[in-house]
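So that we are looking at the same thing, I have put the structure below in structure tokens.
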């Protein structure tokens, strides 16, 4: 066995690939659990983008939506604590009242910001990219502004959700134990992403809502002529999409720190957009892309923490760390450019839909 | 030869303008130019006013949040401090111009893109690459004669931006990859690139922190006031040059045609793909110039985390200026004033500096929802927006170019 | 320049600088104190915040008001300092090494204004100008810029103490430290001191070190990212004590430590108190008393005793220290506690060098 | 024909419908009634207002005045959903299909078969579609993505979509425009059967003979007004044409004698592919001589667009050669073609012909902006542009308040005149006219036709591509018939018989079992005038 491995590793060039494969497998158990945690806000952001773009609305404002939700969730939770609600407790996931209120508030905030996007793009028919830009700029400014003002009063911290603890005998299972642990040893919003992605995938391709949404995103006029209310469907999808952005924000604020920091999304909303494109506008694809992006980050760290041995190690350490940091963005460009399979947006994305209405 | 003169079709309802139709061509041209200019200015102006109003509501409301007693004059104090900080003294005015300089150039980088039907969200990255190239060349030539050092460093900055703008342009031209997404991604990549070079190969020897070598003689000389560096004139010059390019030069005609109707451009024998790549390169060059101006005129070196928001402010500037070079100049001055006065505002009113971003976002919001502005100010002027934006978004969902 | 042990206090400045008004003024003077932050926010649980708190306390102590300008762009340092000068402020506090040159320039141009630079030890030429090439650092700040107090901190000292603490409670003999970004000198000093401290207890202890990112947002402002980073760090390196030097990203690091049931060591302030959500695994914190240092510098201006030059904050003036252990007290054996005390006393006496064997300044060697 | 002549309350009645668009009165107090079981033909020129009227019925447009009555009851139809609920279905003039969705999904969209409240029942959907297709004798794969189907099959999907909804009132807006005669026959059979089952059908077409064949009654609209309603028994093509156009139709125009010179354009074995990579022009060869008009007749979608694109440089040539004035210009850019003496009036003037937001001046130099006198070096000469533009506007009688007005302010006819003015001016060796009079009124058509003939007489070679057979017959010296990407015949324009050409267009000169038809002229690919 070892001889075989050695043989494979020594093949010129191809051997490097085997070494790389071996390295990846060797680090999986230790890096696996963070994939999902780090990917969840991104994948949730992608689902928000999906709800928009599948129904024909460009959304580059995911970042701003997430940021607003993160702020609102932290602030709402903090208000609850200040008004005397109990923190901690024995509820599953440590879900105290403030935390639950925080999540709900984040979802509402996400929907509110999305409503603005919907109104601007659907009713006002303003340029959809500009609408997203407005949301990003205003969200960053407003949350930072308010955070600055509110932090003067040192608002109390609501704490964070707690992870689900996988029973030790399951974690100890050979081969799959780590995998089960990687998936299940998570906080509630992170855990929910698995359910949400699968549900969205099925709904998009198997349900009436999904069929209609796809039709509206590809050819709204055709949808209108078979009696589908394009405007209403777009409104509904864009606003509901805000829920996902809200969850993403809540995950950032209430699953890691329990508080808000200015610009705490640090570009995750854009990575979410990238994942959506990379995943070809499907929930599973976007989720996979989010995992891939976080995996590439994890790989970068891994190379620093436990460099691979031998020739591969020399090469990988030789590569500037910044290359790994830039990888998700580069991959997205490559995919979008069609160098490795093309990814095209729903046909009607970006075009405002106009219909005559009785006044 | 019988024309269709006597053949009314579909009994056209005579439009009101038809009555005053036949005027001398020149007169009509002048009048319509004036009307167009007014139509161009009135909505942005209204949007700025509304944004300031809503901004003051935000300031007032935030007092409620923290439970201090409400001071209704606070917004006035804040705005007054901001305006007097930016315009109230000679030094303030110079600072406004210094702040406006990169905004003009980067605003043009976004605005020229709009004219070609391209949404250049990548001015930020192009700015950084320009800054990096200028810092590198400036640092290398720090002991050369000033003229040589400055011109080469500026050229390097322009070139750095140009290359970085060309990449998404060429990608769009060759593969149809939409520039909105690629430039967003490239902005992040630019952070990695500059951080790699500044903390690695280009790090100044003996420097305790990650920064490049000081640019020495490549520094832009200060012509007036405390810091009125010569870069201000680059920006001021760029405005008429770009205006001339867009409205008087063949290339500008081609750029505008591609922006307004890429198919017609192809029909007319232009080469849309080449023009797209070229325009993005030009945009990148302008943003790169902005970056070199900041490094050579203000900072003297590039630091590893280089905090700036120029690329995103540029979007506001370009939209507020309606992609018109003159409009961009004035929008940049407005934003420059807000930035120059922001310090004063923080000192005198204690308002967090982020209110500037809030106002910026609100300006864009009211520009986008101009219907609100029209209703409130009772403006009836026809929509004079950025038609080319239609090309931008249309292409988002289109199969490749 | 940027670090090491501070220069010993030099004698009184020669330059006659009628800096502070005569104490005989009948009306109590209301001091105007301006604070220019580094890029970031006022509540960054880091430099900006603690310096700002110190400025406020100092203002209260000498009868004045403190006002802050938050810097948003790297090109704006000069402008923001100048804003306070223009507004005729008496004392201007600038925060962060990146503002050193801007502050030095302003101090030279405005000899009647008092400047306090946090974490600043500018490289001055003989003429008193900052040398951007770091070649001629011959200028003596104390004489050239008597109105400029450069506050520097011996982060390596609390780092060293934290290292001893960590080494005393590790069972695996593998401990870790996570810094925000490798190019921020104070961060590096903390960590180098930590390594040296740990090795002073047991040279065989492995100290794993990693820096989060080159992107400042991710390095110091991203708790979720910090948590992911630290989780993996803990998993792959098998550390059982983890020292965070990464601002708010570091709060995520502590959260990861708590989740992984290992011990965390806080930074800058007593994090057991300041971030209660991770108190349950924060055994102690490496403190540098930024707030007090700034407050004292302002008070020196207030009572007219301020002298220019670099003012070190270290064990000698109790400018650094290790926080209380709270419920973890029992984990630290009396032997361990004695070692920590001995190191502290060694710093005071100049017999213990926190910068040996690992050099404190450059993370890139 | 089949109509049932019993007198019943009209299934559909539209009363005094008026609809204004900016500058156009699209419908002017239109009355229309359709009886149960009736096929009602709706005739009118382009832009007469037929689609507008039907869009109002279907809830896609809102009338300014007037009422819609179903079975004598006044109803308000606000949206297509309303219309569908009331039993109205419509096959639109332009495909309303989602290309990436399957046939089944397209047909069921809006009326989905559900397994439960949320999920679709695909098996049931297939069953129903198969059943429906069988009932009407259509062959269709429910799983195929619609985008991969031929135009004819797509039209069948459209019709199935309408049939699936079991509407009482079925509107078909030019359903036959893209169909072959065989396909048309199939659909006519379906329509007759539906009528017999009691459905009311509104059938829109430009093609007089089709309407005469299928309709029970015929209503003619002209410029937004009803000219009259008649029955096939009472009328004939001539009379209908006169009603449509508003004056006696001149079937022959004095086109004068042509004196063809040497060949200017030679196309040899040209192969072109469409956007999806399908070969839509197969080894086509022909030539156009100086001073002659070669008309290309054919049902839309038989490769004409690709042919024109390849000749004008807008499309890539897969193989074969294009020779202009003796030199090989295969694959040359539009600019190179233009410089070699080609002018082109494009079929889609909004897409290619002009830039709507630009002033007329710029639009008038769109293809010549780059050279003297409109530019010197890299600089444009605005004065020269304005001067030339003002001259052209006058010469071609483009109606505009100012030469600096935006192109979008012109009416359709004037927009086309602007394009014509630009392309007809200057020294043109080869003029490609693609649907030059689509959507224009009679006056404009006449003007453009005269200009084209004048150009021909000046020695220009003209390639005329038009879906209007009458136009081709009226102008061409020779007529090439295009069918499924091939030129199946070239005949003399003066002696050509309309019916024969129509048959060639429909069948390619082969009858159904593929044997050569006894059409006029040999089906050679390099024909010359007999």
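Should a chain be cited, it is by its letter among A, B, C and D, assigned in written order, with residues numbered from 1 in that chain.
Assume a contact is a pair of C-beta atoms (placed from the backbone, for glycine too) under 8 Å apart; a residue touches a chain by one contact, two chains touch by 3 or more.
Because the structure is predicted, anything quoted here is derived from the model rather than measured.
> When I count C-beta pairs in contact, which pair ends up with more: B-D or A-D?
B-D
> Can you compute the centre-to-centre distance for subunit B and subunit D, using the mean CA position of each chain? Integer Å is fine.
Chain centroid spacing, subunit B to subunit D, equals 44 Å.
> Quick one: subunit A and subunit D, Cα centre-to-centre, how many Å?
47
> Round to the nearest whole Å and give the separation of the Cα centres of subunit C and subunit D.
77
> Just the number, please: Cα centre separation of subunit A and subunit B in whole Å.
Spacing between the chain centres: roughly 30 Å.
> Quick one: which residues in subunit D touch 2 or more of the other chains?
none
> Where in subunit A do residues touch two or more other chains at once?
Residues 144, 148, 262, 267, 321-322, 325, 347.
> Going by the contact rule already set, what residues in subunit C reach two or more other chains?
Counting only residues that touch two or more other chains, subunit C contributes 70, 214-215.
> Quick one: which chain pairs are touching?
A-B, A-C, A-D, B-C, B-D
> Would you pull the subunit A residues touching subunit C in the complex into a rising list?
27, 30-31, 33-34, 37-38, 41, 144, 147-148, 151, 157, 159-160, 163, 251-252, 255-259, 261-264, 266-267, 294, 297-298, 301-302, 304-306, 321-322, 325
> Quick one: which bits of subunit A touch subunit D in the complex? Just the residue numbers, please.
Residue positions touching the partner: 203, 206-209, 211-212, 214-215, 218-219, 221-229, 347, 355-359.
> Help me check something: in the complex, which residues belonging to subunit B touch subunit C?
These residues of subunit B touch subunit C: 85, 89, 91, 95, 98, 142, 191-192, 195-196, 199, 204-210, 213-214, 216, 226-227, 294, 298-301, 303-310, 339-340, 342-344, 346-348, 350, 352-353.
> Please output the residues of subunit B touching subunit D within their complex, sorted ascending.
So the residues of subunit B in touch with subunit D come to 1-7, 9-13, 15, 17-18, 20-23, 25, 28-29, 32, 248-251, 253, 256-257, 260-261, 263-264, 266-271, 387, 399.
> Which of the residues in subunit D end up touching subunit A in this complex?
My answer: residues 58, 60-62, 76, 78-81, 83-85, 90, 92, 95-101, 105-106, 108-112, 114, 118-120, 161.
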